[in-house]
Each structure stands twice: as C-alpha cells, then as structure tokens.
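Chains here go by letter, A, B, C and D, matching the order in which they are written, and residues are numbered from 1 within each.
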Amino acid sequence: MMKLKQLLQSRTHLSENLLHGKPGDIRNPSWLHAFTSRVSLSTATDHFADKGNYPDRVYAPYCVYKGKASLTVYPVLPKFSRLDSGGLKVDRHGVMMLQFSPAVGERKYDWEKKQFFALSAVEVGSLLSLSPGGGCEFFHDPSMKTSNAGQVRKSLSVKSMDGGSYFLSLSVVNNIQKTNERLAVPLTAAEFAVMQTACSFALPHILGWDRYMNQKLPRTEATPSTLEWDR
Amino acid sequence: MMKLKQLLQSRTHLSENLLHGKPGDIRNPSWLHAFTSRVSLSTATDHFADKGNYPDRVYAPYCVYKGKASLTVYPVLPKFSRLDSGGLKVDRHGVMMLQFSPAVGERKYDWEKKQFFALSAVEVGSLLSLSPGGGCEFFHDPSMKTSNAGQVRKSLSVKSMDGGSYFLSLSVVNNIQKTNERLAVPLTAAEFAVMQTACSFALPHILGWDRYMNQKLPRTEATPSTLEWDR
Amino acid sequence: MMKLKQLLQSRTHLSENLLHGKPGDIRNPSWLHAFTSRVSLSTATDHFADKGNYPDRVYAPYCVYKGKASLTVYPVLPKFSRLDSGGLKVDRHGVMMLQFSPAVGERKYDWEKKQFFALSAVEVGSLLSLSPGGGCEFFHDPSMKTSNAGQVRKSLSVKSMDGGSYFLSLSVVNNIQKTNERLAVPLTAAEFAVMQTACSFALPHILGWDRYMNQKLPRTEATPSTLEWDR
Amino acid sequence: MMKLKQLLQSRTHLSENLLHGKPGDIRNPSWLHAFTSRVSLSTATDHFADKGNYPDRVYAPYCVYKGKASLTVYPVLPKFSRLDSGGLKVDRHGVMMLQFSPAVGERKYDWEKKQFFALSAVEVGSLLSLSPGGGCEFFHDPSMKTSNAGQVRKSLSVKSMDGGSYFLSLSVVNNIQKTNERLAVPLTAAEFAVMQTACSFALPHILGWDRYMNQKLPRTEATPSTLEWDR
C-alpha cells in the first residue's frame, strides 16, 4: 500500500513540476506579475512547452490575500490522449492546484517565491469531507522515482479553527538547496466555503467525467435521422 | 488587512455602479417596469453602455415579493479580456447581484428607488456557509477610492429567524444626499434554499471556473485527428 | 401577501394546465401508454399545440412505481421570449412537474386518471430544505383568476416517515365534476435522495440561470480578436 | 412490490451484461490491461457490438487500488431512441458501473476476474443518502427473466466504518459454475467523498435530465429572429 501511496504522490507532483514555469512562460498562472521560476526541480518533459501557444488558455484563479501569504487556487484538467479506436482516455489526471506566495509588504507578495501543491482527486475529497473540528495533512515528494527522491518534501496541513475557519500551512523542505520554507494562509469560513463549493464543482471535471457526459452516444437503432442526432 | 478588505469592497461596488442604469437602458434587470436611476454615484466608465446592444442578454432573475419590499437576485458573470497570447484572463470578477425595491402598495414596488448590493464570491460563500441560527453582515462603500469615499455606506445584514427562515436588511446611508434608507425582505426557509442552491450553482461561474472546463485542451501527442479533437 | 401567494399558485397551475394534453398529443410525458386527458380545465392558449412538432423534445422522467400509485417527475424549463433589443427574458417560469397515476393492478397504472402537480422554484426549495422529521404542504388552484376559481383544489403533502423516507399525497377536489381523488406514493430515503439531487440539479435551469452562463459576453476592449471570441 | 423490485434488478443487470465484453472489445473499460471475459452470462443483444466503433468513447474511470482488490467506477449514460415525432425517449436507463478486480500481487490485479455491479439511479440515491454509521445492501440477478433466473446472485454491501470510511463488499454466487467469489474494497472518508460527489454530479445525467436542459426550446412567438434563437 505504501508504494501505491507514493505512486499517487509522484503523479500529483509531476503535475506540480509541469506547472513550474519559466520566465515569460505563457502558462504562468500569476499573470499579474513577472515570473521567474526560483526552483527548477522538474525532470519531466513539459508537453505544453513544446507546443508553443494556447489561444484558449484561461486564467481565472480563486485568490485569497492574507497578511503573511496569498493563496491562489485553480483547477488543472486531465489530459486525454486519443486511442487508435478513436476514443479518448485519461493520460494524466487533473488536479486542484494550490499556489502559495509569501507577503513582502502590505498587499505585496513575492511571486518568485511561490510554491505549488497539487491536490489529487482524493485529496480534494479530503477537503470536501472535512467535518467541523477536523483536519487533514498531505505529503508530496516532487522528485519521487528520480535520483533526488526524498530530497524535497512538501506537506500541506489543513487545521480547523474556531467558527468554521481553517488554517492552511504549506511546508517545503529542500535538502538539496538547504532551504526550509513555510507558507501559511488562514481562511475564514466563507473563504473555505468558496473553496469547497468550487472544488465540488471542479472534482468531476478533474476526474474527466464531464467528458462522459458530452460524448456522442450511439443510438439503439440506425435510422435516417442518425446524422441529425449525431450533429 | 484593512486595505485589502476595502479593496474588495471597492471592487464589488464598482460592479454595483456599473449596473446602475439609465432610463430605457437595455441592461435594466427590472424589465417589467419603467426605470429611472434615482442615484447616480458611479464615476466608472460603463463599458456596456459604450457598446450599444447585447443580442444575447438574458433576464431571468430570481424574484421574491414581500410586504415591505421585493428582492431580485441574479448572477453577473466575470468579464474576461484577451491576452496577447490569445488566452483569457478575468478582468472584473463576477458577483451575485441583489436588488431591493420598496413596496408602495399591494404588490406594487417603486422600482425607481431600487438599491443594489453586489455580493462577491466570498460573500456568497458566507451565505452558503451559514449554519442554523447564524448570520452575517457585509459593508460596502460604492465611492471607495474616490473623493466621495465614506460618503455613502451600504450594509446588508442576514439574520437567522425561526424555522430556517432569514431576514435580509439593506441599509443605505448617503451623506451627500442626506438620505437614509432601509429595505428589508424576510425569506422563508424554502426561499432561502432556492437562493442558496442557485448561488451554489452560480459561484463557479462567478469565479470564471466554467471557462476552465470549456477551454480547448492541448493533447499529449499531435496526431492526424487533432483537428477532430479540437473541433 | 395572500394575493401574492395566489398569484404564485396561479402561475404554477397555468403550467399544469398547459401540460394537460390531448389524445395523441406529442407532448405526452407518459409515452408508454395511450393518453386521454380526463379533465380539461385549461383556458389558456397552448403555445406548444399551435406549433405542431418538436423534433428535439426529450422524455426522460424519473419514475417510481408503488402499490397504490406511480409518481413521474421531470423538469419543465422556462419559456423565453426575445426582446426587441435581441435579449431574452423569461416569459413563463419553469416548474418541476409531478405526475401521479393510480394503480389498477399489479404493476398496472391508469394513465388516463393521472393528475399533475407543478412545483414552482420555491416549492422545490421547500423539498430541498426539508429537515429530518419535517414536512410541507402546497395548495394550488388551477382555475385561479377564472370564473371557476375555487372550484378545483389541489394539495400536495409531503410527510416525513421513519428512516428518512417520505410520504407524498396528492388530493384533487373538483366541485364541478363532484370528484375527490387522492393519490399517494411512499418514497424510500434513496428514492427521495434521487428526487432531491435531481431537483437541486434542475433548479437553476428552472429559474433560467443556465441561460446566464451560456450568454455571449461582451469584452472589455474591442480588439481584432473579437470575432474569434464571439465565435 | 416484489416483482417491481425484481424488474428493477433485471434492468440494472441487463446493463451489467451489456458491459461484459469480449477479447479486444473496444468497449473494454479496463484499457490498461488485456481483456478476456471470464464469465459470459449475457443473453441480451449487444447493440454496441453491432455498430463497430465509437470514435468518441471516453475512458475516465475513478479508480481506487487497495490491498485485496481494486474498484473502478464510471457512469454509463442512458440510451435514447428517436420517436417518429423526432423527439428522444430513454430506451435504457443509465447506471453507475462498479468494477471490482482481485489483487494478485503488490499493485497487480487480475482484470480477467473482474466483476461488475451496475448501480441504478435509486441505488446511487442510497449511497448519496447514507448517514454516518449507516449502510445499505443491493441484490442483483443478472439472469432475471431467463431460464437461468436465480442461478447467479450478486450482492453489494456498503458498511460504515470508523471515521467516515466505508467497506464495500461484492459477493457473486454462481450456481452454474459452482463459484463463489467475494471482492472487498475499503474506502477512506476522502475516497468515499469523491465517489459521492462524482455520483451526485452523474445522477442527473444517468436519469437523462441533462438532455432536458440542452433541448431546443420552442419560443412563445414566432419572429424573424427564430433562426438565430434556434441556432
């Protein structure tokens, strides 16, 4: 079971790495600020970067700005590949991306020091199933299955506070760069409710289930109106 | 933190101002009645008015008519602008618009005296996270960051009543015009449930997250069927 | 307030009347059985009947078959009319249609004796906000505002039973035809959960809010890519 | 009432049978592994197989891998047939398909021994309405209404465990082949929350209600803009 857990962690961190951008990267979710990737841990091929541009890329994150750090949340849809049969299968699972940036002044945040944490579908389920007073903690290793495995450890803890509010704390320990960062954002009950509602909306899309709903369905009988129906 | 709160208030009130219409304004959400804007506080440019017409504008508000006032609720989607890269980013956040109009007789309401209160995503989250017996209150300054800052104060209070019903009360104090208005609408548990369900549906759209779901996704491999997939 | 309540009842019953069909009516939601409208109370013009055919009409009701009667549930979307400006406004509100038919044998139901009860958005809200042990009752007069007002009285009661199940009972008293019918269907907790989940899904569509989400949005700036964006 | 229950069971198992595939079957939901149908109980005509290919078939299951077995969940939409009038009616109800496969080593599962259990809409309602500490059990006979009725009995039990987790256990007793299999998968609270959220999303689609929402609606008045509206 441990290995399965690691497999999952590896998968979600792959996504985090893929989202680490480069200066001027079109994929930069923090479009309000110049962007330089401070840490480049990724060894994975970035399919996106190979392609050049995405005329329909959308930037609509849910942002919460607090005194010590900001939190930016947005969904990353799964990637599909086409089968020889013509069907589509999930190639890489979707995630809910959390991006933390430290404050460096009043209403100013150091986007160059932002850290990512990609929640898998099941980790999103943890947030959705939090009962009053409950909490959860997730551990990711972005270098899983590489020679650097275990060198960088990320953990996100979600703790319940009074009145339905929650305290999110991201810890990133990098033994290679000898750094240890902690970014914390308190969420009010209202802010957490937005996150839960938005995550609940996004979860089926992260799983790719919206694709089931939009597929063209075969009919029970072939009739002259087939073309109309398939339209 | 105070400034951030004010920033948020300013933003939501910008939307309220933009929604203040003029006689015969096509944007008038109260299409059943002649419309004259009683108070024109807005200093913002109304992008809509510049454009002339909206062939697909939709009028489908959720309306509750009560003895002292009516409440009309409808979502206002975020506005996107196109990046040079071709992507889309949120230019102005969406809101849940609440419109209160005082009663002037049995089933008659003075639409000229209607008042707007634009709920931000987090304020919608407050409504969604209300626990039995709980309540919340929001404060807006539509003139934030102008020379009239602090001259008009709006507040909306939501108080729990017996049996799951709620009492919504909007107060608008205008020091410039020396007016002080209060519009109150009680909502039954059923009416509030409709509002919560509709707001829960609308919240991801207010955030612009539905755009994530509809964007055209790049595929992992370029194949001859790319055109079909991108269609 | 009483008159407003009656107005609402009138509105929802208008929909019920419009849904009363004629033999061979294409709109017949009970497509499995021959259909003869037993009672024809409607004085309203049936826009649908004037039009002849609906190539895309959908029949996908949620059906529950019980010992004494069957219950068929399906949403009826609002009707929109186009404004001179090109916009769309709700012309008639959507409803959640409940159709009860009495059993006349094992697994046989007399579809000619079926009775309709059209739940308004707020009445759907009542079902959604039912707390354990709670119940609700709705009263409709399908002849409201006609010379037959008060001659036919429909009431639907929803009572909580043990283990999360509910008992739905429809009473139709027709003073003109001197008839008094009662149709009752018990719903298990699972069957009621399906109804609540489906109603929660349908409610925003009954309000017409899905139209907000699909409207073409104006952009903040006119650019050469406008055509692409509007596509 | 018993017969109605059996009718329902028959219906859902029809779907299970239809999903039993053949080697190389394009419909194979376990696209990661070679596929051989171990048990072929189906006597129903497989409409899909007659058609040859489905260029838009989607494979995006929700998978949970545990020590003794894996669970794969995905929705199967209803099938519609076109009426002479041009309308669409549900021909076969949709289901939520559960697929269990036994573990044969660490992270290895014997997909040839997988077993299906197709949850009807009401059975999905049972999962959605589970209260803390509650459980449910479903019984299916895939050979219902054939000469083999009663020879194969499937049952799925869902039991509440500590901390919001659940234990799913599928039993398949085949008196023809003299086999008796049991496949069990424990789900954490988070994993179960994903399943509930995904099922809640899928339920209206399983009922076919999304088709109501997408149908082209007639308008109240025929105007020159009809073509635009119908577009």
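Heads up, the rule we're going with is that contacts are C-beta pairs under 8 Å (C-beta built on N, C-alpha and C of every residue); 3 or more make two chains touch, one makes a residue touch a chain.
Because the structure is predicted, anything quoted here is derived from the model rather than measured.
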A correct list of chains touching both chain A and chain C reads B, D
In degrees and to the nearest 5, what turn takes the CA positions of chain A onto those of chain D? 90
Any idea if chain C and chain D meet via the same residues, over half in common, or different ones? different
Where the centre means the average of the CA atoms, what chain is farthest from chain D? B
Measuring from the mean C-alpha position of chain B to the mean C-alpha position of chain C, what distance in angstrom results? 29
Could you tell me the distance, in whole angstrom, between the mean C-alpha positions of chain B and chain D? 41
Which chain A residues reach two or more other chains? 55, 80, 86, 88
Chain A touches which residues of chain B in the complex? 1, 3-4, 7, 78, 80, 83, 85-90, 121-126, 128-129, 131, 136, 200, 203-204, 207-209, 211-213, 215-221, 223, 225, 229
Complex contact set, residues of chain B against chain C: 26, 31, 47-48, 51, 53-60, 62, 65-67, 74-75, 77, 79-82, 86, 88, 91-92, 106-107, 164, 188-194, 197-198, 201-202, 205, 210
